Structures are given as structure tokens and as C-alpha cells.
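The chains carry the letters A, B, C and D, assigned in the order they are written, with residues numbered from 1 in each.
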């Protein structure tokens, strides 16, 4: 009974490895990114196979979707800046000094050795070894939600999740600080047909995103996946020029970025009283608090991911210096 | 029992705390700076006098402060320490007067005096260090504080000299660190104890103990300018005269010599050192240094370099006296610590006056200077004669005890060495005196009518020359260096 | 041959490929891609560790960790890409330092 | 009524501060300083608790390890908190001056939120007792640190920042892979779970991966390639934070792992030591060759990190329990002294107008106090008494000598001599006067801005006198498990 599945696993594993190699070796960068996106989707598939649908969703939406969009946008920018936008293929667009092939082979051999060591270590590790299974199932009733992954993300290890939202915040602050002035490269604009399509699809995506968020309490899904899907809305809005960030929006944008962090952290601290420590939600209100946090975090994630895609901080074009990025 | 247990600390702080104040003073606040300098130096002399009285009465001062588990920062005021403190405190006062006169219009005075007091603080700290760890701290501080003084002129030559100085002394400091660590690991203490702390180690692991001796003596030998670690001293003579005078006649080289005493007497103990067979080689090395320094001095035309090589030679008298392992020689060594300081500082200040007043920097230019600057040259002459060992001057007293000690220790070669050295001393000093007093200046036009030096330059060498006379003539008076020395030796030899 | 074995080795292979890429890739963008491969490899390892032979449910904790890892990685990627874009702009303009 | 323990506050206060500074850029400086003051107060309270009752544990969410995440504050972590808050506060003060003026408005606006996020991340690392949480924290640190590196926006800075970013991501991913192996083997991620683990192949792989990852993050030779450019091209307060504090976070994790993991074989330790020795020597050579002052200082960071790894390496089979103390002292000493030095260099550069070592003496302007600060910091970095650097070096060499590892002593001494050599290049530039064009006024270039770096440098020296209490303090709560 297992055999067809084993063959499927072997094929999928082989395809993933082949795509990984291909995305690093193919000459055309655009093709590399596309191969990478396929690689990400197949990895997500593998994770579904490993009964990790939440992870698969997150990888597909964020690890592959958002990352892919970011990569494509960057590629577009680089091709614009280097004046190779009109070329047929996107061969390497950043300057570099060639590395001697000897070095590459030495590195590859070194990594091969590491891989061998890691594989041996992996095979030596206990299979289906110890884990948190018992602890989680024991604590689940007190968590306030039904879906274990959500319980871990927003209750058991909520501190990690808060810090993860902080990482996103740090990223958007860093990106705003890195890219300054107005963009030299016009953002890639979608064609007319696509614009129309986007407008039709947008409400549907919003619905899907909200559903994912809501479903997170009982079934796979949750703030990050929902946020990613909502971010897709933002991406489409930006791409179709339905929304153009203006300097005046910066204040709102900042508030949207920090909203999730602030609420999450504030709730964590506010519940700490009467012998409870931070993040220790009172059992009666646990579900409500978790949903509140999730909802607001989702908004922040969506806004942040969209801003990461857009890149620079919207600033007013006052004089020439601004344009010259100084 | 002590009415002012923190007295040693105060003595240290009189120069340590004043240094940041001096740094912060604006360049043009010369009067205030001079006032602070002289006030603190006088205060220090007074405090040292008080401390001497107390110590003579048998009061024990011991300040401790734990820096690492079991490892203490420790200040003590034993008689040996006082010998060195008294010397540096007194000469600091005198040299401060001299420096004020010398640098009257020079640049960077705030910096100069700041580091100058820091040097004195380091010297006092070296003297009062109650263990090798504390000694190491101040030993390094002395290196750091003298470096800016050596390169005070700020030109390429002085920077080169400064670099060489830094390399020698910091390498020495690093070796001292190694030795201190080894002592700590071997003996479990770094305390200075009369009779030493290494008896059992020397019995069980003689090789390790011998190695440690070599390392420690080598480390402090750098500052004591023992051959072959002496090369920095003549090069460092590019420093201004007061620096050469106080630091390279007193503070730095004496810190090295003092370190040799502490190591031999109070880390190993003279008996242990002898039993390890390390004193004889040390005495031999000292002998070589004495002769080598004198020989090199003869050929130097630059006055300060000649004096520097003379210092190389003379400081090793102290090492010799320690290494002979005879109480009598030890008296000579300790007395020489003081006497040589007085003599050499006189000569350096006089040399500085010649350079300032007449522009005379070389022996060959000294013709007839005695008549133009009689006071300065009289002081110089007195010190030079004392160096040669003319009775009843100070140098004679120390050489006499050294010779006696040599006989006492059965090392008759010491007599020959001392005689030879005195002969060499005469060979390089007498021509200078001859030129100064008995030759007419070759090109009379070059000599200005009256040298332009103020009393602040003229008085200090004369004062120290008088002290040379007094220390020799009244060697047996109470509180004379010699008397104090006997007190110290009684402790070190545990008699 | 169980899935955890197959995908575990797949993950390690992907990680290693990413490592080679991160060390050797000359193009800046491709280096980011390589790093992303590494992160997927690490994700595989954790997901595989969480896997239990059905009908047992997998351990949910590593799943949460991988989700966190994915979000962290997208943040880092965004910053790296922003740096790449900025650097390219600076290098293309002649009048900068 | 909220009752929040100072452990939580030490992480959350800077987080809220960062958010506030980001939302209200005009008041960022004020918010930043206020946050630092409050965080300092929280750390002070925490220190009091730790002294009174030993290690403090906060089981976040009330779940407790291994299911939940515990924050744990013992002597060592509080010492690191004090380091980051104290150094951070003084660096912030000098940032007020360094980033003043309309030309720096943009840098000012982003400096504060990034720096406060950095502080959040570092404090989080010092209080964490969960290895996956450490991974998230080092990523916060990485993103904020890269943001600070490229604050000036020059081409060199951005290029350095990108290399730093690559190194950071790769280092974090190697660490994450190590976390994966630990989960595979042990099924838990808290420190307590690591303590009594039997060494196996998977754990060896985990430790090796995490060590390499952290070595990359902390720039241990030969994985240091990103550091000199990144630290040399950042703006002065950012350099001070990066060199003084940021690399310490990864070092601290190494320290913790060496305390709690079944430490791998002697050969791995020796390898670490050899890498450290390589850093000491190679960094020394590069510092001798560096043409710019900031670059020299950055290379000196490479050597100092190498020295700290030598302190780990001298652990050996017998000495491990003591070696972490030497490393901790060196970490603290370097944190304070290097921050002071980078700030001083920033001041010198501001006054003189450049930081080319060869031409330092040609300028008639001599920022005396900044030069003095530099010299004091150099004393601690060289390891001259009585500075904290000296005490650290002493502890290192003492342990090595007691264990008979003479090669590590030789490395330390060579490193010391080299540091004398490269720092004296700078001193010569400060003290040489014969090539100046124009008149020199000695006391030029004093400013209030010199106060903060000077205070840091004085701390680097004076803390050496407090080594005994510091050592007693960092031992509180060690070994693990004796907490209350």
C-alpha cells in the first residue's frame, strides 16, 4: 500500500532537489526566480504530504508568493537601472568579479562533506523521536483555541510570535531607511486586462484572507497566512495603481505597521496581574484575546508585507537632491 | 594602632589625582599650574616625612583591596618602600621647580605636567606595591606615563625613540605579566615577604623556580637597563632635560633596580635565590653591565648620551650589591639607589642648563663653560667626582660598602671591578671637567656674555649637589640614606 | 523508506545546495535565492522531525517554528533585496563617492 | 493592577520605545533617551532581585519550559544587560551630538527606532533560555544592525551592509539548522533540556552548525570578512553599537552553549582556538596595514573576538568551568572599550575632518580629549593594568598556564604586542607635531560630546578595579538549575 506513495515521495524529493539546483544554475535570472517559485510550491506540497498544512500554506503564501514577488520586483528594478529592461533574457544584472572555478569546486566539495556529515547525523538521530506531542495535547484545553498550531503560535510560544512580528517591523523600518528618495524605476505595471481582472478578484481574495484568519482557530490557517493573502490585495492595489502611496499616508502606514506589535505586546503585559506573568491569558478570555491579537496582527502583517514589496518610504519630491537619493 | 592608616594612599593620590587636574587646565594658566605642582610636591614631601617617622616607630601600613578572587591590590609602606618614596618625593619637588623653569615658554605644558605627575604616582606605587601584582600595575603605568614625555618634542626623531622605548618596556611588562602569573600559579601568592615565598617551590621544582627567576629579572631588567636590555636608555635621551633627569636617572631605571631588589629579597628570598644558584650569574651580568656601560660612555660625544651610558653602568651597582648576597653589599646597593639618583639628577639638570643657556650639547663644545656658568658647573663637578668615588662624597660611601660586601661574600673580583669602573668613570668624567674649567673656549665669539637661565634652572642642580655632599659627609646621621638602609637590610636579611 | 527519511535527506540536500550557492554565487540576487533555499532546507528538517507515522498526529510545535522561520526569512529577504536595489542605484549613478 | 516583573520589562520597554520612536520621528531622540533610562531602571531592579535571590525565571504565558518559553536572568545575563544598557545609554548621548543638524535629519529619524529594536533583540538574547527564541532574537538584531550599518547611505556602507546581511542570514540559518538537529535528537529546545543530554552524532552536528553560524555572526576568523567594512563605514554611534554590543550577542550565545551543552570533543575546542589565534594574528596584521583609523579599530575588533575564542579554547577537559569567566570578562571589557574607541574616533574625524592615520599629525586641530579617550580605550584593549581588559587577559592566561596550554599564552602575548604596535601608530599621529601647517593650539576640539566616550573609556579602566565583585556577580545562578 505504501509503494505508490514512496514512489511519489521519491519523485517529489528528486524534483525539489533538481529545481533547487536548476534555480541556482540557470543563466537567466527571470527563469531562476520562476524555477524558485515552482520549487517553493513543490516544497509546500511535500509539507502537505508530511501532514503540515499550516506550514505548507505559509510557505506557499509567504515563502514563495511574497518572496517571489519581491524577487521579481527587484529583478525589474535592477534591469531598469542597468538599462537591460528591453533585453530578451535577464542574465546576471549585478556587477561581479568572476570567481575561479577552482574555488567553486573547493566550496562545493566542502559543502558536500558537510552534507554527508549532516546526512549521517540525521540518519543517526532517533526517528519520530521525542517531541512536544504529549505536552501539547495536555495543554490544549487550556489554550483557548482548538487548532494546536495556533495555540502554540499565540499562546504557548506567543513570545516567539510577538518577536516574529517585531522582526517584520524591523524589516520594514530597515527597508524604509535603506531605500530613500523616489523610485527611479517605475513599478512594474500590469496590463489593462490584468487590471480589470485584479479588480474583480480583489474582493474574493479579501474574503479568502479573512477566512484563513478565522479558520486559524480551529483548522489550518491563521494570522500569517491570512496576512499574506491580504498582502496580496495590497500588492495588486499597488501594481494596478489603484493605490499610490503618498507622503501624507506615512503616518497611517507607520501606525498600521506597529499596530500588531503594540496590541500583542500590550495584551501580553496587561494580562500580567494577580500572580500571572506576561502572556498568561485568563482562561475565560483566552479565545477572545487571541482572536483580537490575531486580527490586528493580520492587518499589520498585510500592511507590512505590502510595504516591503513597495520598498521605499513615500516622500515628497521637494527638490532635486531628493531625487538623487541624498 | 595607626592614627592615619590611609597615609600611603594619600601619598599616592597627591600625584595621581593632581594629574587629571593638570590635564584639564588651560595652557595659559601657568601660574595656577605651577602653584598646584609645587603645592602638591611639597605636600608629598611633608607626608613622606610623616610616614617615615611613623614607620621608624614601627607602625605598619597595609592597605588591601581584592581585585580578583585571592588576588589583591596591596599597598604597604615598609622601610624599603620608604627609601624609594623619599627619594622620588624629594626629587619630584626639585625637578618640578626645574621643569617649570625649563618649559617656561614651551608648548604642551598641560600635557607635560599631567604625565609628569602620573609618572611620580607610578613610581610611588611601584615603591609601595605590596605584591608583584600591584607592582606590575604600576610598572605598566610608569611605561605609559613616560612614553608621552619621551616623545614630548613631537618630531620624527623623538617618535622613533618613543617607539623603541615602548617596544622595550612593554615587552618587558608583558614578560613581567607572564612571570607574575607563573608566580601566582606556582606559589599561590604574589606577596612580597622578606625571605621570599618560593621556598617549597624551589625545593620541589628547582628548574621552574630558576626559570621564573630568569623571567622576572629579565622583565624588570629592561627598565634597570641591564645589558642586553639597555639600548632604549641612550635613545630615550631625546626627551627634554627634566624628563631625562627625573625619569631616566630616578624613576624608570630605579624602578627596574627596585624591582630586582623586591624579586631577589622578597619573592625568592636571598637564601633561596642563592640556593638556586641564580645570584652569581646575576652578579656577573651586573659586572658586565658596569664595565660595558662605562666603556660605551667614553666614546659618546653627546653629553646626555654619555650620562645615559654612565647610568647604565651605575645602576648596575645596585644590582651587583643585591646579587652579592651579603648584607654589607646590600647596604651599599640600597645606599647607591639614593646616592646615584642624587648624583645623576644633578648632572642631567646641569647638562640641561648647558643646553638651555649656552646651546652646549656635546662634550667637544664644553671648553670653558665653567667660567660662564660656574654654579651649574660646580654642581656638575661635585656630582662627577662623587660618581668617580672621591671620599667623602656620596658615591664613595656606596662603593665602599659594595667593596666590603664583595670581600664579605668572598667575591674578591668585585674589588677589581669597582676599581676598574672607577677608573673608567674618571676617564669619561675628568675630560669633561678639564674642558669646562681649564680650557679656554675655542671660538670665544660663540659664547654669549651671560647665559639666560633663571633661578628655577640654576638652583635645583646646586641643591642636589649639596645633598650629594651631605649624604656622603653625614652618612651616619639618623635618617640619612645610609642609616635607613641598614634598617632595611636588617629586615631583608631577617636579622 | 519512509517519507520522513526521504524528505529529511531532501531537506539536507536542499540546504547544502543553498550553502554552495551562498558561498559561490556571484550574482547578488542569486545569492539571496540560495539563502532562501537554505531556509527551506532547515524547514524540511523541522517538519520531518515533527512527522509521526499516521494515524498519529504530527508534533505541532515544529510546525509553528517553521512558520515563524518563514516569516523571519521573508523579512530578511526583503531587507537584503532593498540593499541590493539601493546599491545598484548607487553604483549606476556616477557622482557618488 | 499590572504587576510586571523587571525581566519582562527589560525586553518590552525598548520594544515600546522603538515603536514610539518610529511612529513619532520628531520626538525620537527624547523617546530614545527616556526608554533607555527606564530600561536601565528595570535592569537595576532586576540586578537587585538577582543579587537577593539568585537567578530569576519567568515562565512566559505560565506554561513553563519545555512547552512554553522561559525568560531566565542570572548573574551573567544581568551583567550583559547592564553592559548593553550602560554602553547604550552613553552611546545614545553621544549620538545626540553626532547626528545633530538638518543634514542628518534622516539618519536621526531612523537611528532611534533601529537602535531600540536592536536593544530589544539583545536584551531578549541575554534573557532567553530557549534556542529557537534565540534564533528569532538574533534575526531582530541582524535586521536592526544592518539598518544601522547603512545609516549613512554611502556606497561603501551599503556594500558593507549587504555583505553583513548575507553573513547574518547565513549564520542564522546555520543556527536554525542546528536547532532542527537538537529537536530531532532531544525533542525539546530549552536550555534545561540540553543540560544532561548524551553526546550523539546529531548533537555534534547541531553544536557544529550552531558554532559555525555564531562564528559567522560574531566574525570569527576566517568568517570575519564582512566585519571590517561594515564597522568602518557606519556612522560613529552605529559603529560603537555594532562593535561594542552587537557581536557580543552571538558571543554570549556561544558562552551559554559552552556552559550547557555536553561540550564536544577536545579537537573541536582546539579548532576554535586555532581560529581565534588566526583572528588575533591576521587581524593584527591587517590593523597594522590599515590606512584609515576606523578600519584599524574594526580590525582590532576581529583580533579581540579571536582572543575571546582563545579563552574558550583554553578550557580543555579540566578548565571548562573557569574558562567562561575569562571569556565573559573579555566580552564586557571589549564592549565598553570598543564603544568608547569608536565614539572617540568619530569625534576625531568630526574635528580633524578625516581619519587617515598617516595624515593625523598634519592637522593643526588636535581634539585632545577624544585622543585621550582613544588612548584610555586602547589601554584596555591592549590589556594593560588595571583595566578590565587586563583582568580578562589575566584570567585567560592564568587558566591556560594552570592547564599547561603554553601555546594559548604565546598567542595572547603575540596579540598583545601586535596591538601595542598598531595602536602606537595612532599615538604617533596624535603626538607628532613637526609636520603641522599652521599654529597648533593644544586644547582645541574639546566639546561636551567628548563626555560620553570619555566616561566609557574611564569605565573600561575603572571596572578592572571592580573585577572581584563582577566575577562574584556573574557567577550568580551558575551552574544552571540552581535557580529559584
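Throughout what follows, contacts are C-beta pairs under 8 Å (C-beta built on N, C-alpha and C of every residue); 3 or more make two chains touch, one makes a residue touch a chain.
Predicted model only: the values in this text are computed from it and were never measured.
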item	value
Chain whose Cα mean lies nearest the overall Cα mean	D
Comparison of A-C and B-D (more C-beta pairs in contact)	A-C
Separation of mean Cα positions, chain D and chain B [Å, integer]	42
Chain A-chain C separation of Cα centroids, rounded to whole Å	11
Chain B-chain C separation of Cα centroids, rounded to whole Å	68
Chain A and chain B, separation of their C-alpha mean positions in angstrom	72
In chain A, residues with contacts to at least two other chains	118, 122, 129, 131-132, 136, 156-157, 160, 164, 167, 170-171, 174, 178, 180, 325
Residues of chain C touching at least two other chains	15, 18-19, 28, 39, 45, 49, 59, 61-62, 65, 68, 72-73, 75-76, 79, 83-84, 86, 90-91
Which pairs of chains touch, using the document's own definition	A-C, A-D, B-D, C-D
Residues of chain D that touch chain C when the two form their complex	67, 132, 135-136, 139, 142-143, 146-147, 150, 153-156, 158-159, 161-162, 165-166, 168-170, 172-173, 176-177, 179-181, 183-184, 187
Residues of chain A touching chain C in the complex	5-6, 9-10, 13, 16-17, 20-21, 23-24, 29, 32-33, 36, 39-40, 43, 46-47, 49-52, 54-55, 58-59, 62-63, 66-67, 70-71, 73-75, 77-78, 81-82, 92-99, 103-104, 107-108, 111-112, 114-115, 118-119, 122-123, 127-129, 131-133, 136, 148-149, 151-153, 156-157, 160-161, 164, 167-168, 170-172, 174-175, 178-180, 184, 222, 224, 301, 305, 308-309, 311, 324-325
Residues on chain C engaged by chain D in the complex (per definition of touch)	15, 18-19, 22, 28, 31, 35, 38-39, 41-42, 45-46, 49, 59, 61-62, 65, 68-69, 72-73, 75-76, 79-80, 83-84, 86-87, 90-91, 96-97
Sites on chain C touched by chain A in the complex	1-10, 12-21, 23-30, 32-34, 36-37, 39-40, 43-45, 47-54, 56-68, 70-79, 81-86, 88-93, 95
Residue ranges of chain D in contact with chain A within the complex	1-5, 8, 12, 15-16, 18-19, 22-23, 58-63, 66-69, 106, 110, 113-114, 117, 120, 124, 132-133, 136-137, 139-140, 143-144, 146-147, 150-151, 153, 158, 161, 177, 181, 183-188, 200-202, 204-206, 208-209
